[in-house]
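Below are two complexes that have subunit A in common, paired first with subunit B and then with subunit C.
On to the complex of A and B.
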């Protein structure tokens, strides 16, 4: 198939986008690019890009009314690399507003519907990225992961996803949620697709100083031996997890054991405060990052007498979850409270990182379910922020600890279930190799 | 209790690009507003800082060394949050100190650190120019050790000398300072954003007088921040302590801890701290403080001086460099480095002067030809000396011939007839067709007559 034929097929499968997966479709632009897509490892491959990543000349809304009409004046490093490798960007995908959410429902432009069951959420915040792959529109998608933002939609939509090690993938061009925890992250129909994306996306970038020490991503050579592989299984990973999720995950673990892996029970005591620490850091960093959206340079400019009033009006269009996080983040970093809140959260992050470091001396990887439950119904949790936050309980620890984590869809009846693995920092290639085994043994046969 | 004055001085570091991006830092040379900007320095969503500018690091470390500071093992960049249109992201990146506990001119230096400059907001027009946003600043914070405006002037002059020596300051951009003044019986008052050395002195003068007067009238002087009105030379109240904003300082998650390891320091710091070097110039070469200061103001000139003074008399070298050479350079708006004059050239010129093979007038002419037409000094000195040699030889030959041709005049001279000497000089001049100085010829004739004896 030629690049142009692939674009046409993707557009045909997308149709009128019944899932609200895309906020912007670049149909003509994609056709034009397909005609002159450069040769490369991703030549002619159609990809979707989450709408919190900058692509020069395309709208970038971050699913917020504030940025409606904003066109990015530059291109994110990861997108630049994808295009240089021959990939064609079909459009920008839906997300929770400024990536603040776990279900995709906080988008100012309406929730993304789960292609497996349109009455249910797609998971967030990379909701459109997950749906664009699950619906078969594209094979590869770029999302971002701050506390599980590609793994949640991966798990809910039945798509593979990887949250890479910090410093491996450039964040240049990724609008901030919590800078210290996040990175652009690949989503794909298969684990092989994740590897292809990582080969193009990863590597040092002078425009993101945190990637200075990164080495290029090299896929695991040969087959990863399961013989003697030590898989840590913290019981805490199964606490409060619904049976329909726990059962297939345990079955997948048993299949790995049957192939020679050793299952090891491990303790991660810091897990019980990981979720609270994660959200405090998220608020604090997010409030800082959101300072720039004041309507002065770009974005919605509010009416008002004087500068302060106009800036306040410009910010009044943020949705409730965004406002909640800005307020809480400002509170926990204010002069008199920062030690009690932000300071403690930083210490907790350190404790989680130490816990993981210790446990990775005992085992090679950690495994368990990605989400505590399968995709829930639209509207089921929106009224209760704490219930929404609770869905991230199994994913946030990897971001706090600064380790890679991936999800593989399991072969199940009904709604998809994700199998999550985490490895030591920098073990991304090995982790993908292991995910390949899970896919082969227990996955949705590609 | 006495008057206590402290300064927070912001120096624009002389780098090519901004602190965290590749945009030009020479904002005064920008062709138009907002032409030297990128996604980062206009605060676009998703833009990230690049690593810290290496030139800014080098200059900042050298200034810390020059001020005798203790160097820190590394720094963290923090975000200082405030809403103002000149700030592209509504927070400013400012580093933790990289040097502490220094001193200069009897003033303790508390610390110095790097930070980025905001843009330029035109309140009346309601426009912002971000060409300046992200330009690298060095903030130098003193303890309140300055006694009075004269002390401040001396301190700032000395600081200026150090910055010149290190070529650290983007001079055209000026220098900004926050001035803290407290008088007995009052609290600390901060005057923000005073531009230029002269205004710093004016602001200090004004504040000392204003606060002293207030106290004498029995009015309290509370902690507050004031604005300096350049036109009227007075300060006005901006806000009291209670109105101070909470900047919510927070480590910038986009920038990693920046280590300043010994290996980096050893390749960055100067082999000798500037003030120590000046003292050595005074003692080793017998220079006066002012002379040493002038020579050291441009580091390459000081280096040239040292190279020359190792083989030539230091006093003569110093005099030539700071009077003749700097005079000619100054007249052309050139620095020594920009002139491209080498130590070898200066060696030739000064050796020629020393050996009297060229005159001071000729030396000046050669220097000008070098600066205006690029004629090498080595070649110029050689040609001048050769010409002088040829001329001397011609005179000598003419004298020998004239004496041989006029034995009568020689006899008369020996008999004590003074007019005979004039005749012989005239004969030589005639042979040389007048192309020689009469006194030179007279001396040569007298010498020739002496030799005949």
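On to the complex of A and C.
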């Protein structure tokens, strides 16, 4: 199949986009790029890009009314690398507004519907990325993960996803939610697809100093032996998890054990603080990052007497979750409250990182469910922010600890269930190799 | 803990967010519930190892205020093209 034929197939499968997966489709542009796509490891592969990553000449809204009509003047490093490797960007995918959400429902342009069951959420914040892969429109997608934003849609839509180690993938061109916790992240139908994407996306970038020490991503050589592999299973990963999710995850663990892996019960006491610490840090960093969206240089410019009033009017178009986080971030970083809230959250983050470091001296990886439940119905949690935040309870610890984490869809009847693995920082290739075993033993992909 | 309407109004001024009356009331309720839940993080300090990251920054009062005139003069002076106290930048809005 030629590159152009692949683009036509993707457009045909997308049709009128019944899932609201895309905010912008560049049909003619994709055809043009397909005719000129360079030879490379991703030659002719059609990809989608989350709309919080810049692609020169394409709209970049971050799913916010504030940025409606804004066109990116430059291209994110990860997208530059994909295009240089021959991939063709079909368009920009839907997300929670400024990536603030766990379900894909806070987009100013409407929620993303789950292709497995359109009455249910796709998971967020990379909702459109997950849906674009699950619907078979694209093989590969680029999202971003701050506290589970590719793993949640991966689990809910039945797609594989990886949150890479910090510093492995450049953040240049990513509109930040909480820069200390996040990175662009791959999603794919198969673990093999994730590996292909990582080979292209990862590596040092002078425009993101965190990647200075990064090496090019090299896949695990040969087959990873399960014989003697120590898999840590914290019982806390199963607390409050619905039975329909826990059962297939425990069955997948048993299959790994039958192939020679050793399951080890481990304790991570700091997990009880993880969700609170994650959100407090998220609020603080987000409120700071959002100061630039005041209508002065770009974005919606409101009417008002004087600069301050005009800025406040310009920011009035943000959605409720964005406003909530900006106000909370302002609260927890104000002078008199900073130590009591932001300082404590930093201490909790350090405790989580220390716990993970200690546990990875005892085991090679950690495993459990990705999400505590399967995709919920649209609107079910949107009015209760704490219920929404609780969705992230199993994913945020990897971002706080600064370790890689991936999800693999399991073979189940009905709604998809994700199996999550976490490894020490820098063990991304090994983690993907293990995810390949899970996929072969218990997964949906060939 | 319960946030007062005055505290929410002050936060919105600091954050440069214009809120309607009903919106501010709803947000006050949400913020109070969220902070009550996340107070549990205070227990983490006892278990956390000492960290060189511990913040000890000195911060000014959280009061919106215009920039000092000398700071404005310094910024204007640094621009390659300027006219009086105005600077010339490429057009970014239509």
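Going forward, the second predicted complex is superposed on the first by the 445 of 446 C-alpha atoms of A that agree within 3 Å, B and C clash if a C-alpha of one lies under 4 Å from a C-alpha of the other, contacts with A are read in each partner's own complex, and residues count from 1 in each chain.
Following the convention adopted for this analysis, contacts are C-beta pairs under 8 Å (C-beta built on N, C-alpha and C of every residue); 3 or more make two chains touch, one makes a residue touch a chain.
Quick caveat, the model's predicted, so the values are computed rather than measured.
With both structures placed on the common chain, the touch criterion links A:292 to subunit B but leaves subunit C unconnected.
By the touch criterion defined above, A:52 reaches subunit B but does not reach subunit C.
Of the two partner chains, subunit B is the only one that A:208 touches; subunit C does not reach it.
Contact with neither subunit B nor subunit C is seen for A:364 once the two complexes are overlaid on the shared chain. Of the two partner chains placed by superposition, A:105 touches none, neither subunit B nor subunit C. When both complexes are overlaid on chain A, the residue A:338 reaches subunit B and subunit C alike. By the document's definition of touching, both partners, subunit B and subunit C, reach A:311. When the shared chain is aligned, no partner comes close enough to touch A:139: not subunit B, not subunit C.
Look at A:392: by the touch rule set out above, it reaches neither subunit B nor subunit C. Across the superposed pair, subunit B and subunit C both touch subunit A at residues 291, 294, 297-298, 308, 311, 330, 334-335, 338, 342.
Those residues of subunit C lying in contact with subunit A across their complex are 8, 11-12, 14-19, 23, 26-27, 30-31, 33-35, 37-45, 47-49, 51, 53-55, 59-62, 64, 92-93.
Residue ranges on subunit B touching subunit A, taken from their complex, read 38-39, 42-52, 79, 81, 83, 85, 88-91, 128, 246, 248, 250, 253-256. The residues of subunit A lying in touch with subunit B in their complex are 52-54, 60, 62, 67, 70, 72-74, 76, 171-176, 178-180, 206-210, 212, 284-285, 288, 291-294, 296-298, 307-308, 311, 330, 333-335, 338, 342. Interface residues of subunit A, counted against subunit C in their complex, comprise 269-270, 272-273, 276-277, 279-280, 287, 291, 294, 297-298, 301-302, 308, 311-313, 315-316, 318, 320, 323-324, 326-331, 334-336, 338-348, 350-351, 354, 385-386, 389.
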